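Which chain is which? They are A, B, C, D and E, in the order written, and residues in each are numbered from 1.
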Amino acid sequence: MLEVENLTVHYFTSVGIVRAVEDVSFSVGRREWFTFVGESGSGKSTVAQALIGLVPPPGKVVGGKIVLNGRNLLEMSEKELRSIRGKEISMVFQDPMTSLDPLRKIGDQMVEAMTEHGIDEEEAREKAVRLLESVNIPADRMDYYPHQLSGGQRQRISIAIATALEPCLLIADEPTTALDVIVQEAIMELLNELKEKGTSITFVTHDVSLAFERSDRIAVMYAGRIVEMGDADELVRNAMHPYLKALLESVPDVCSDKEVKAIPGNPPDLRNPPKGCRFHPRCPFATDICRTQEPELREVENNHFVACHGVV
Amino acid sequence: MSRGITQYVLLRALMIIPTVLILYTIVFIFMRILPGNPILAVVGTKSISPEQMKHLMHLAGLDKPLYVQYFDYLWQLLHGNFGVTLAFPMGVPVADYLRLRFPATLELTIWSFAISVILGLLTGTLGAVKRGTKLDTSMRLYSIVAYTLFIPWFGMILQYIFGVWLHILPTSGRINPNVNLHTITGLYVLDSILTGNWSAFVSSIKHLILPSLTLGIVLSGAYTRLVRNNMVEVLNQDFIRAYKARGVKDWKVTWYALKNAFIPVITLMGLQFAILLGGAILTETTFNWPGMGTFIIDRIEYRDYNAIQGAVVFFAFFVGLISLIVDVIYALLDPRVKY
Amino acid sequence: AQNKAQNQVSSVAKNKTSQSVQASSVVIGVTDKVTDLDPANAYDAFTWEILENTMVGLVKYKPGTLKIEPALAESWEVKNNSTVWIFHLRKGLKFSDGTPLTAKNVVWSIERVMRIKGDPSWLVTDFVKKVVAENNTTVIFYLKHPTSYFLALLTTPPYYPVNPKYSPDKIDSDQTAGGAGPYKIVKFVRGQEIVLEANPYYFGQKPKTQKIIVRFYRDATTMRLALQNGEIDVAWRTLRPSDIISLEKSNFNVVKVPGTYIRYLCFNVKKEPTSSVLVRRALAAAINRSEIASMVYRGTVEPLYSLIPNGMWSHLDVFKKYGDGNVKLAQQLLEKAGYSKSNPLHIQLWYTPTHYGDTEADLAQMIKSQWESTGMVKVTIKSAEWGTYVDYARKGQMQAYLLGWYPDYLDPDDYTTPFLSSTANTWAGTGFANKTVDSLLKKAQQIPNQDERAKIYEEVQKILADQVPYVPLVQGNLFVVTKPNVHGVTVGPDMVMEYAYLYRT
Amino acid sequence: MPEMLEVRNLKTYFPVRVGILDSLRGKKYFVKAVDGISFSIDRGEIFGLIGESGCGKTTAGRSVLRLVEPTGGEVIFDGVDVLKLGKEELRRIRRRMQIIFQDPYASLSPRMKIGEAIAHPLIIHGIADRREAREIALRMLKRVGLTPEEEYYDRYPNQLSGGQRQRVAIARAMALKPDFVVADEAVSMIDVSMRASILELLEEFRRDYRLSMLFITHDIAVARLIADRTAVMYLGKIVELGKTRRLIDNPIHPYTKALVNAAPSITRRERREKVKLRGEVPNAVNPPKGCRLSNRCPFATDICRTKEPELREVESGHFVACHLA
Amino acid sequence: MLSSIILKPVKAIFGNRPGRGFLIAGTIIVLAVVIMAIFAPFIAPYNPTAISSDTFSPPCWKHIMGTNRLGQDVFSRIVWGSRIILYVVLVATAFSMVLGIPVGLVSGYYGGKLDRVLSTVMDSIYAFPALILAIVIAVVLGPSPMNAAVAIAFVYVPTYFRMIRGQTLSLKGQLFVEAAKAIGARDREIMLKYILPNLIPTILVVFSLSVADAILTEAGLSFLGLSVTPPTPDWGYDLRVGQAFFLDGYWWLVFFPGLMIMLLAMAFALIGEALSERTSTSAR
């Protein structure tokens, strides 16, 4: 349904070009929960924003293709894009505190999302009520301002708005990072229900546990590149990239008494990324080729992609 | 809610009192530091007997101890009385002058204010929407240049161009003296509308253009800067991207962003109004505008204590009122404000 | 001065003949203010102009001259060695609102001035012991001492009968009821304008223009712009010299009127270093009046060599003996006083920035430059706002300072006694006191004979030039600039414009 | 093990900022951020404090150090009641009680070189003069892995990553060789890949200094990893306290159950029992009567809504505040 | 537009960063004026106060900015005039910083009743039209550069006070201040070592912006004749005097002094703008 090929996004800042996303290819199928996981600054949000054509300036998509239902979004006019946004593809943002307009009633914001796509006011209002109820919020909250609601409620409203027109793809950029575990759990349930109903979900998180617990497929990002991609179960069982292996070992778990192991070193500076494999300065197995040549993302097993020279 | 807001307004209004008191005290102290007094200014270079001098000082109440004068005037103020002038002429209620002069200043400031806000919003929004481009840099430069224009200089250049050279606009005064206007509010444009006086309307508008443009452009700089910076900040917020992600039209998004960016601008407006009044002095001097600014300067020459105190207190009160209005508008516009 | 003034009038007369369609209103611009419409308190030149156009006294100056002619009074008699003056009023006089005007009104008004004790009240109280209305048409003044120039006093506003609407014992600054002059006030907006209309009950000739609007400007530049933009027809007091010159070039009519106001420099004779008469003489010698007149006032004033203005009887150019810009003499005198190039005289020169117009600072700079050209003087210029300046003067705190004098009445007495009489000159702060001068001045006030008086004033002027408590600098001319279609500008030596003769075609 | 710190019935209330109307009417509201909690920490023990955002964890930690003035209770540190100390004594005792904050970006002054930041406390407490302090700071930098230390000494915080800053913060706290440290969410703002190393570092210091630690976190997995005993807070109160593993593997209080249940896990890919709480955390200004969880608890009975449950020992060393336990 | 005139050469050297361009352009102008002030005797071709008969000469080789009504060389007066305006503004700013910063710091740090009283007073002054207050004070004190400086200083104290107090309040709530408390630092140390250094960027921004403002206020005061006594050259005053002749076509009497006032104020505003952009972006 969504095919992304060689997506490259750069930020042209005053202090240099930040190669936030390089050569990222993946696809999301219908009714699939696809997750990007990676550390801060690895380019997850940038990918998410590029999908909907909203990379903030000074960022620019400098190459690649984003094909949704057969049409390349990067070749569309602003107007066409707008008609797709909210209707076929929509997005939920990280911080519920800032993702609703503080000056407008939430009802109005909900209704507007629909009327902008040609639904008439009255119908939109009725639908908004139903949507609110579907995310467990009393309908009288239509007349509330965002600040009168809790973070969890706001995030649920954001999701309700994003799914109002039943888009086929919902992009959720760390929608629970600012929320508590119990609320997070509820939001994840909500997204899961949406998935069951047929919406594909592109999920972005830095929380490894969360990513692996919920997703169908996962792409692990490191410094602007996908280093490993595949089914979630497969990746847990059979992590191949040294980064993913180390990552999985470094995360404590509620359910087991496993020891954790730290990953040495620091994440790279994307303005000036290391030559060759970007992970090589932290990689215990790095060889000469890793220092010079960038590994490509290869399908090593069925549906299991890895970008590492060390994996054969 | 509505009872809440009236109470809020009333309580907030009480906070004007200390402001007025503080400014009155400052001016009172400063006015009396150095020698000279209004009676001497009146008498000037004429011989006058000591008895008559005493008589005049007594008439003006200047023979009393300073603290008595301080509280006397305060007491008068409490009764809404600004006292009488002490020089050239003596004995005219200061309130009469204020009634005469203040509408002129008000009219000038209202127009300048409107011009500066509109210009500021336009240029600021433009800069923010096109942030990072040459246009943005130009707008930022505009804001700085406008803000640092020296009012008399800029005013004179406009006078020269439009008054002397092109000969299309009057360069001084508020209205053509041959036009008869029955004043009601003292705001000539409004009065001419109220009385249906077309020629007065045209004339007063023409007289307003240059002074209000001068002051308006100069003050628009601050708005440009603030609107731009707020806009940039707002445009970077998630909810703006969320709007776009929902397919909301660009102009609508810009409008919502502007609304949000406008909230901090409102706070500035209160302070900006004070700067506006300060700038009005120079504008009034340059354009012979018979307002408060020129009044204050005239009165200072004569050390007219009551007139200066009255004018300052009145201004302080007015500024307080403006900031009250600003706060209330703020409270009404921003649902997050608690009162 | 009289000659020039008469020329003026004759040009007025010529204009009168060429009558064409007249406009019903003339707009006059001024940078002065109307301070106080109550003659009991008004005491500045321009306000007096408005009062003289809206009120009238028993006698007045013949337009444009120093000659006094009957006004409300048809005739008068003088008795008892000039201490009793009897005036006979015209019949059927009316105020501008139609109220009858009788001798009682005259007496009431003058007594009102004496009661209120306003600023100019001394013009009455110093002279008049008692004033009575003998009947409806006869007013008798009993004076405190023989006053030879009483008629000159009578032309001043404190002696004008005012409308009974004026408050009897309080200053009535905004009262527009006026008196019985050629015009009445129909509108007065402080700081903006005053509108006059012809008084239908005026006893004399009807004014040429029905309506006169006087607009007040804050400064000369804006007034000049207003003239150029056609907002006003007449730019009256006070344009800057530079404005007058450039307006004359661009087709406006400029009418020059000799003025009777003088500018002078005061020396504090009690304070170092001006207590030394040598220093005062030296500084007087270093002053170059013609340079001042041409550079500062751009030729719009005349050099003045005495406190009594040119053209007034008894005037003598007593300061000519020091010469103009006589650096040599100045240096000699300074050397005598013990100064030299290596030990220069340090002196502070004070001026006040707004009261005498924008040129004042230039005047101070010019004098500084002239004094310093001796090489033996170092001048620091200081300034203070009027209210403070006057205080400093009265307290004698300044060494050298610039002042100006507008006459109260046109008589040599008004140019000598206030300056040189030790009892009358406290306001000036020079500290000058001279017994001979005191007694000479007193004598001159009492002698009715003008020639004898003139001799005394000449002698006084010589002492002035010898002692140098004041240095006369220049005598002002007045200029009226009008649009080419405005005629009938009439300004008397009392520097008052008579609006009644003004008209526009 | 001897007790290093004992907290008894600690309470900290904050006045709520109100509009000018209420303030003029003299109305005052309080957030009962910490409302009577008691626990003790042994020498060398890491004591975990977990709970949702806003439940009062940070406030508890700050109150113990008197960085906020508690409203009531006792904090006995090494036999001294910290809450009764005068200003100067308090200042001196702070040498032995340190804190590491959640936000490594905000806890270092942006205008102070990190070396100086570490050296300054030593100078303040007169432990070392300027030169010695520098020596010690350099040693600490090396100790927390910021090498070459000479080079790091002169850096400013903005030249470091979050993880590195947190190391500096740890070095600053540890330079004083404290007996007790509050670690407030010390790893929650750090990159995933760096968290483990920070936790390791803290473990090392505990071992080497026999450090007692109040370890505040909202991440149960982290608590499980590092804390010996753990208390669970809800709305200013401790609802359950016990040995960490025991508490997480067999929670008794419904709230703890919900919390553990909601925590994501790689190894557990489906939920165990579904304990779902209704609604949201209520306002701490006006908490519910009785048990504070009563309005959200699926098991709540009448007594829960009227009577506040005490913290009772249900097993040895395991305390629960629930009527149903 | 003007932007290209000023920025083009700057851009050529320093690349396409407006913030930096602003900073450079502002610094260059300020430096130029400062050099002009310091070396006035060597730069000015004539004695600025010497009266000569060569009046109203338009700009020419002999007098590049012409001469005025008294035959004084306008360029020389501009050069010397830079001394007065810099002197007044810097003295005024120094006064108001010396008063405003420590008081604001202490007031904001300790809070309490004194803080509330001080804030009310400062806010009142701040909210009042600065120029009007400055005029009243300057008139009363009499025209002299020092008095003008005092008047300006008086009205700018609240600017510093409020800014510093506000920043102190927000810094006081920051973790690193709490951290300082936790390591046992005394109040004085916290204020001087932890808060004050973090105020410096703000102070710099407020400094440049308020200097820009003060320049205009000074010019306003001297335009109204409240700063210097003649013949001392001063831009605002010369502009005022030039106003009388401006409309006769003697444009140079007004144009140059006004331009200098604007340039100098603009220079500081450019620096302030650049600095404030820097501090706001370096904040995170």
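Everything below uses one rule, namely that contacts are C-beta pairs under 8 Å (C-beta built on N, C-alpha and C of every residue); 3 or more make two chains touch, one makes a residue touch a chain.
Note that the structure is predicted; figures quoted are calculated from it, not measured.
Shared contacts of chain A and chain E, meaning chains that touch the two of them, come down to B, D.
The most distant chain from chain D, with centres taken as the mean of CA atoms, is C. Seen from the C-alpha centroid of chain A, the farthest chain centroid is that of C. More inter-chain C-beta contacts link the pair B-C than the other of A-B and B-C.
One finds 31 Å separating the Cα centroids of chain A and chain D.
Centre-to-centre separation between chain D and chain E, using Cα means, comes to 49 Å. Chain centres here are Cα means. That of chain B falls 23 Å from that of chain E.
A separation of 54 Å divides the Cα centre of chain B from that of chain D. Shared interface positions of chain B, defined as residues touching 2 or more other chains, are 34, 159, 164, 285, 300-301. Residue positions of chain E touching 2 or more other chains, listed in rising order: 139, 142, 243, 246-247.
By the touch rule above, chain E contacts chain B in their complex via residues 1-3, 6-7, 18, 21-22, 120-121, 123-133, 135-137, 139-142, 212, 215-216, 219-220, 223-224, 236, 239-240, 243, 246-247, 251, 254, 257-259, 261-262, 265-266, 269-270, 273. Put simply, chain A touches chain B in their complex at residues 49, 52, 54, 56-58, 78, 82-87, 90-91, 93-95, 98-104, 112-113, 116-117, 145, 147, 158, 161-162. Taken in their complex, chain D has these residues touching chain E: 62, 65, 67, 91-92, 94-95, 98-99, 101, 103, 105-112, 120-121, 124-125, 158, 169, 172-173, 176. On the chain A side of its complex with chain D, the touching residues are 39-40, 150, 152-153, 180-185, 206-210, 212-214, 233, 236, 246-248, 250-257, 260-264, 266-267. Against chain D, in their complex, chain E makes its touches with residues 174-176, 178-186, 189, 193-194, 197-198, 200, 282, 284.
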